[in-house]
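In what comes next, chain A is part of two complexes: it sits with chain B in the first one and with chain C in the second one.
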Partner chain A sequence: MSPLNMSSERLSQLQVAPLAILLTLFTGLPLLMVVVLSFWPFDGLEYAPGFTLTNYAEMFASATTWRTFAVTLRYAAITWAITLLIGFTVSYYLVFHVRRVKVQIALFLLCTIPFWTSGVIRTISWIPFLGREGLFNMALMKLGLTQGPLDMLLFSDFAVVLTYVNLFTLFMIVPVFNAMAKIDRNVIEAAHDAGATQWQILRDIVIPLSSTGIALGSIFVVTLVMGDFLVVRAMSGGQSSSVVSAMKNNIDQLYYPQAAASAVLLIAVVLAMVTAILRIVDVRAELSR
Partner chain B sequence: MKDIPMSKPGEILLDRVTRSFGQMTAVKSVTETIEGGSYCCMIGPSGCGKSTLLRMIAGHETPTSGRILIGGRDVTHARTGDRGTALMFQSYALFPHLNLTDNVAFPLRVAGFDTAERRRKAREMLDRVQLAHLADRLPAQLSGGQQQRVALARALIANPEVLLLDEPLSALDESLRLKMRSELKRLQSELGITFIHVTHTQPEAMALADKVIVMDHGVIEQAGSPVEVYDRPRSSYVARFMGGQNVITGRVSRIGSEALGETPDGTQFSFVPPAGITLGQDMAVAIRRDRICLMPGHHQGIDSLCGQVSTTEYQGSYVKVEIESASGDEFAVHQTDRDFLAHPLHPGDEVTARWGVLDTYYLSG
Partner chain C sequence: MHKSFSFWLLSAFFALFLLFLYGPMIAIFVLSFQGPTGGMTFPMRGASVHWFGDLVASTRYGDLAGAFGRSLILGLFAMLVTVTVSFFAGLGFRRRFRGAGALFYLAIAALVMPGVLTGLGIATLFQTLGLSTNWLTSGLGAHLTWTLPFGLLIMFAVMNRFDRRWEDAARDGGATPVQVLRLITLPILAPGLIAVALFGLTLSYDELPRSLLTVGTRNTLPIQIANLTANVTTPALYAIGTLTTLLSLGLIVAAFVAILISGRRK
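Up next is the complex of A and B:
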């Protein structure tokens, strides 16, 4: 049977097969292992196959679990709000104020320049800039704006959020830009013609028509922050810990079943968040538009 | 400044309106009055400036110089949507995320009407364009013709003095276009507001307009009733553009109570001379295609042209016979189907076309 007269259903099944196989082997199976492991009994020294809910009971009873989730969700919320504001503003400017497509593309590429190097390097390179004797503090002192160095700049929540914003804003810009660029200019003009003000157009036309992009960007940013441990480690100076950095501690101590249980909880929470976003915005319907 | 004379609502006064884009001038010092409550068609080839002029009236472009008055009020710099105009876009430009009711209600929403009130009015308007049964659909679920009705309803809901239509029928198929055409005309006479309709198809302009404005290269070539523009074109450009006319160019060869012109290849034609023409001057005449007789064979003479039939096109009520003459200019005759079928012509037949002096019309340009 040639590919041409194959039924379109068979053909699409074939097309998704390679990715489906890869995902099943390298994501699905390991995830299943994690879930299984989270139910194994652990006596503090070793673990063995079995079934127990102790890992979960201990996790929910522990104040650390609740604290790390609170800290991580707070980071996610603040980072999401800031990246959304920046992402929306930058996209709006690129789409509606830069008239020439070449300039638009050039500026868009400019936004991607930070991505030419690894996230670890970008994270760590903030340290000499924000430290007590870093460039920024030195500049502030030289200018006479501060007496001594500002301690809140590095190894603080500020530093963590700043780094997140730096790392993840592009993940917001790209989908929002893409959604906004698809808005028919005539539709904006029609709104003008109907007597709408700039603000009304933004509220009633541009934001609703960018909602797919906002939803996708939000999913990217929220999942990235929820799953991070490196930035929290490096930038909070060990003063805060996120869900994953706590999990990493468990793993370092070979407390695998505990780590597995908190991984399952994290997956559940992130899935709930993504589902909530998708409930608000019908991404599939919007993408097919 | 002189006092503005009393003007009807919806009267549009263009006063030396110019619009340049960098080096290019899209509209050059256009001065024209469009009567309130009339149906005006602006026609011309693409790039002639008709759309730019329309967009300036709507307020989507600002004139580089000149003034625009609507109903006696200077709106040259007034905000779009605050000048009593509504524009219906060629692509309809419906809001893809709003259902029909909310699309139509949008102008009322931004004007601050409460939800119940504006939805009620929007449904009434949808009923008027026979789409009330689809009020909860999204634009993407509609056919092109239906989308256009929605766009029309949205444009009309805020009771504009002037409705501007940018090539409203160009995206429709032929039968729907004819239907929509008569519907537009009916709507305009019902509402009694000014319609300005931009088009590039001549039958559309003729069928709809009280006033036709023919544009080319950013200037108005001629403005007048369809009869004036079609039957008494002011320039050979208008005659050619509006169609239905043959244009013969030549030089004035004799002046008297009837003057004679001669084409470079020797065809002589008589015409009623306007004042101030001189011997040897370049000139042209327009001859209505449906006023020309055809006879077989070659008969040299004044007001006649010999040539060969190159093509015949059956058009139902008439047949278009194209004749290739020595000059090479396009020359066609519209014969009634009865005449044609009585003496059918075939490509290659030698024929002589003959007309009378009263059927020629002197053109200056």
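Up next is the complex of A and C:
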């Protein structure tokens, strides 16, 4: 059948077929597999196909589950708040204060370049700053603010959140910048001429019209934090664990069904959060704008 | 516009943000040239390329060259597949078709699903099917769940600005579908496709969580580096960081140059 006498819907379906097949094979089926695996019985040594609710019963009975979820959600909330504040401010500056388009694009690219470099490397890059002999401790002692070096800088919640903000803020900047750049300048001029203050323009025009970008950025940041294990492991010094780092320990010990059960719970929580965000803002409308 | 107080305040904020973003990267770049007796933090004890040499000379760091080679090959495959598949999917998504919504949400699911979980699912799926995991099969598939959604989103953005009348005009002029694709659609979309290629290559090259359970017995570079962070306490770690970051930056520059050139040709 030549493309010419094919119906246009057929042609479209043919064109997206490779994507559909690859995503079904490597996301759809694996997702299903994780759900199935979470019901398989496990006797402490091996697991086999079957059906049991033990994995879930054990998971919900364990205090560790609740603690790791609480820790992870707290990280997500704090990181989200900070990245939103920074991301919004940076985008606002680039869109409304940098007038020359070339400069604007160059500065925007400068914000996004780290995205294409290694997250592992960017995580360990904080060691020279936060370590016992790191730059922050040296500065604090030089200024006479502390007597000895502070251990709390590296290997603490502070270090974890700092690294998250460093790694993930650009995921907030890109969508918020895109949404803001599409705001019609005439609307703002009109509001200005009608006597609106800077603050009123921000509250009644800029924030509502950037909401889809904020929603997209929030989805990125929240899901990235919820899915992280590397930063927590490297920067908390083993003092706290997130859902996925605890799950990773289960996997390392080959406790796959337990890991799968907490994976299902995590997916449910993440999906609930994403759905909630999508309920508030229509993200697809933004993408096709 | 007069430069107001808020302009300078926000400029200072932006400068601080860039310092925060790049400061650590610059620090490890400088520290990777630490002298042979120097440690992982400042001050510098001399300047040398000792730790770069150590990467080659010492066996402490495992099969770094092999891991690098595998990551690069994997990245190139991911790039080729991502560009081709995203391109056609982008064309397909221009029209309404049954299943469009479901496929879009599947792509979003692939994007937001924690990478370790994707890896766990793929590894168990392979195990259940009696297949062994390998960096070029399950590993590549795992990486595609990260690169394809980005490719698709970029294609959406590119297609929004694509004027279909170019294609119609060529068709009316008697061009065959293949000619339209080769002479009109591809050249116009070239800058966007280069961007997709950049995402495909670098995201795969740096991907850790999706790789952990899916690459089989032979590590890729991010896994190797993550393992080393636990044991290596010398600036050699920073030397690896400097090398791999320079490679990424080189790819970004190459991509932007290519975008500029292909954009100018029109």
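Simple rule for what comes next: the second predicted complex is superposed on the first by the 273 of 289 C-alpha atoms of A that agree within 3 Å, B and C clash if a C-alpha of one lies under 4 Å from a C-alpha of the other, contacts with A are read in each partner's own complex, and residues count from 1 in each chain.
FYI, contacts are C-beta pairs under 8 Å (C-beta built on N, C-alpha and C of every residue); 3 or more make two chains touch, one makes a residue touch a chain.
Everything quoted here is computed from the prediction, not taken from an experiment.
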(message) With both complexes superposed on chain A, which partner does A:Pro208 reach: first (chain B), second (chain C), both or neither?
(response) first
(message) Contacts for A:Gly195 in the overlay, against chain B (first) and chain C (second): which applies, first, second, both or neither?
(response) first
(request) For A:Val244, select first, second, both or neither according to whether it touches chain B, chain C, the two together, or no partner. (result) second
(message) Going by the contact rule set out at the top, does A:Leu25 touch chain B (first), chain C (second), both, or neither?
(response) second
(message) By the touch definition at the top of the document, which applies to A:Met226: first (chain B), second (chain C), both, or neither?
(response) second
(request) On the superposed three-chain arrangement, identify whether chain B or chain C touches more chain A residues. (result) C
(request) Considering only touches as defined above, state whether A:Phe158 meets chain B (first), chain C (second), both or neither. (result) neither
(request) Mind working out whether A:Tyr56 is in touch with chain B, chain C, both or neither, as first, second, both or neither? (result) neither
(message) Per the contact definition in the header, classify A:Phe136: touching chain B only (first), chain C only (second), both, or neither.
(response) neither
(request) Return the residues of chain A at which the contacts from chain B and from chain C coincide. (result) 289
(message) Which residues of chain B touch chain A once you look at their complex with the stated criterion?
(response) 58-60, 80-82, 85-87, 89, 91, 93-97, 106-107, 109-111, 140, 154, 158
(message) Which residues of chain A touch chain B once you look at their complex with the stated criterion?
(response) 184, 186-187, 189-197, 200, 204-205, 208-209, 289
(message) For the complex, give me every residue of chain C touching chain A.
(response) 1, 6-7, 10-11, 13-14, 17-18, 20-25, 27-28, 31, 39-42, 81, 84-86, 88-89, 91-100, 103-104, 106-107, 109-110, 112-118, 120-122, 124-125, 128, 141-142, 144-145, 148, 152-153, 156-157, 160, 177, 198-199, 202-203, 206, 208-209, 212-213, 222, 225-226, 229, 237-238, 240-241, 244-245, 248-249, 251-252, 256
(request) Under the touch definition given earlier, write down the residues of chain A that touch chain C in their complex. (result) 2-4, 8-9, 11-16, 18-20, 22-34, 37, 86, 89-90, 92-94, 97, 99, 107, 109-111, 113-114, 116-122, 124-129, 131, 133-135, 138, 166, 169-170, 198, 219-220, 223, 226-230, 234, 244, 247-248, 251, 256, 259-260, 263, 266-267, 270, 274, 284, 287-289
